[in-house]
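Handing you this structure, nothing more for now.
The first chain written gets the first letter, and so on, giving A, B and C; residue counts start at 1 in each chain.
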Amino acid sequence: MRDQERRPAHLIEAVLLVSARPIGSSDLRSATGLSDQELESALAGLRERYAPESSGIVLREVAGGHLLSTNPACSAAVERFRREARPAPLSGAAHEVLACALYLGPLTRGAVSRVRGVNSDAVIRSLIERNLLVEVGADHDAPGSPALLGVTDEFLAATGASSRKDFPPLDSLVTQEELDRVRERLASSGTAAGSEPS
Amino acid sequence: MRDQERRPAHLIEAVLLVSARPIGSSDLRSATGLSDQELESALAGLRERYAPESSGIVLREVAGGHLLSTNPACSAAVERFRREARPAPLSGAAHEVLACALYLGPLTRGAVSRVRGVNSDAVIRSLIERNLLVEVGADHDAPGSPALLGVTDEFLAATGASSRKDFPPLDSLVTQEELDRVRERLASSGTAAGSEPS
Amino acid sequence: MTFEPLGRSLSDFTVELDVYSGPYEWLLALILKDELEIFEVPLRELVESYLLVRRPGAANGLERDTDFAGSAAALILLKSRTLSPAIDADSEGIEDEPLSPEVLAERLTEYLKIRRAAEHLKDRFVLNAGHYTSAHTIAPRQGSLSINLDRVSLAARQAFSRLIEPPVRHLGPITVTLQQLAGIIRTAIAGGPVSYESLTSDMDRMNRAVAFAAALSLAQEGSLTLTQAEPLGPLTLEPSR
């Protein structure tokens, strides 16, 4: 029985229970003293044990680590227990700002506003408040060294991404056809009329 | 699969994950909406799933409730993780709350929120948990005598400061006009202590 | 006729949209205060909801229709301006120069990509919602946290210099300063035609938006004429003859 108690998967389970943040493989290894191989095979077993189909607690690979969390299928019970409503969904503007930071960042507030064509300071502030956006440095080449914004690990966890590379490339999101349509529309509208006989 | 996802045991597991304190049967019932019988049979299944022989996470019956905790057989790994885990870095919001307590404190939760312009309760809660903020008294002039918050010695230690005097004076950071505005906000929150920044 | 009635006669008109549900006049306030992006408001649905509750036979029916038409027109104008990039001269780093069609096309292309990426993100957020983490966490080792002193100073500067606008979500009746801005416009055009750009050059984003609505309402009332030689070209306000 002692052997069973010390099974690699148990050590990992115990460590995962006490963290609300994703734990990277190297931290798991050094806490449990497991080898790479032991860790991998134990994690494979745990992925099954804590799969959404078979458990109210699920094992996720997010933000570069492993994290236990509740199964969304059970979220209503959790929210009732905590007497907490689910946080309000983000606005379209907030998604756009996050997309800027994810794909074009780190970038300044001014750069976000320039891309979106509207002042985005209020949205940025609320995203920083929600821990989805963070100041990661400063643009020292610009006057006043404005802060540079990037997405956080919480953002990765909230989108179920294991890393920034987990998102489709920006160019793949828009088809050439769509881009052509934009140009056409622009040409036929008054704005670009000067360059294009209508 | 939907049925399986909603299996009584899953709901209970999820709720147990988000509580660090034992949950009584009646609270479990009201959160999950399960009947007495369903609850009992689901708990019997979970006792097996989370038995010390078979899991690093164990289900315990303590203080009249149900609680998940780490298997004592895994405590060495948990302890190593605790020693090695780097604490989560503080967010921008957390820095602002600490700055409020440092420069304007002791002050109430309401006063912090008023100065920052956003509700800061969640940030304050996590800073208290992290031992960086502490309740140092109560504002007896305000209705309900809300607690007054100040920074801890741990905070000073974490910044490498030997005392508050190591921080730049407030008037070197903001203009008189800005300072007046902040004082106005403090005054309107009815905090006697906060209205006299030290 | 004054500007009082704008919105007031519509005080019982509530809307149910994906992005907002509640009184129409609060919706206007939220948009004007930048709390809600005009981009997200489906104007067509808005018009449809109004048509459902329209009361042509009521005593103030005409007034209601006029108010709604006026405010909806202002929203459409605002939305069209939002769609055209780089109009916000008052925000840092945003130039106010006219853009060449090539640059404009490039910007719109970039924006379109971001817009698509945002939609993708939205789906991912929805798909991943409802994951709550463990509450059984252990406190990290004492003394291992390091806080940067400069970062605290910076945070103090940010927290104490922030201009805080009163929250509008709890507002009862809205207090948009249409009337005040109408007064400013009346005074400005008393001496002759004025361009919208010069009139609003010193104003912040919100005041510009309100000035827009005020100018439209004045035009609707017949107090002034709005002329725009070309689409998206300069807008001129002149006293009605």
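Note that a contact is a pair of C-beta atoms (placed from the backbone, for glycine too) under 8 Å apart; a residue touches a chain by one contact, two chains touch by 3 or more.
Just so it is clear, the structure is predicted and the values come from calculations on it, not from any experiment.
S.K.: Consider the two chain pairs A-C and B-C; indicate the one with the greater count of contacting C-beta pairs.
M.R.: A-C
S.K.: Which chain has its C-alpha centroid farthest away from the centroid of chain C?
M.R.: B
S.K.: What whole-Å value do you get for the distance between chain A and chain B if each is reduced to the mean of its CA atoms?
M.R.: Chain centroid spacing, chain A to chain B, equals 23 Å.
S.K.: Report the inter-chain centroid distance for chain B and chain C in whole angstrom, where each centroid is the mean of the CA atoms.
M.R.: About 36 Å separates the centre of chain B from that of chain C.
S.K.: Go ahead and note the Å separation of the Cα centroids belonging to chain A and chain C.
M.R.: 28
S.K.: Specify, in ascending order, the residues of chain A that touch 2 or more different other chains.
M.R.: In chain A, 17-19, 21, 68-71, 73-75, 78 touch at least two other chains.
S.K.: Two-or-more-chain contact residues of chain C, please, as numbers and ranges.
M.R.: In chain C, the residues touching two or more other chains are 132-138.
S.K.: Would you tell me which residues of chain A are touching chain B in their complex?
M.R.: 1-2, 4-6, 9-15, 17-19, 21, 23, 27, 30-33, 52-57, 68-71, 73-75, 77-78, 80-82, 128-129, 131, 134-135
S.K.: Would you pull the chain A residues touching chain C in the complex into a rising list?
M.R.: Residues 16-21, 58, 60, 67-75, 78, 86, 89-93, 95-96, 98-100, 102-104, 108-111, 113-119, 121-122, 142, 146, 157-161, 167-168, 170-171, 173-174, 178-179, 182-183, 186-187, 189-192, 194-196 of chain A touch chain C in their complex.
S.K.: Name, in rising order, each residue of chain B that touches chain C in their complex.
M.R.: Residues 14, 17-20, 68-70, 78, 81-83, 85-88, 90, 92, 95-96, 98-100, 102-103, 115-117, 129-132, 154-155, 157-161, 166-168, 170, 173-175, 178-179, 182, 185 of chain B touch chain C in their complex.
S.K.: Once bound in the complex, which stretches of chain C touch chain B?
M.R.: 132-149, 151-162, 164
S.K.: Spell out the residues on chain C that touch chain A in their complex, using ranges where they run on.
M.R.: These residues of chain C touch chain A: 19, 34-37, 39-40, 82-88, 90-94, 100-102, 104-105, 107-122, 124-138, 205, 230-232.
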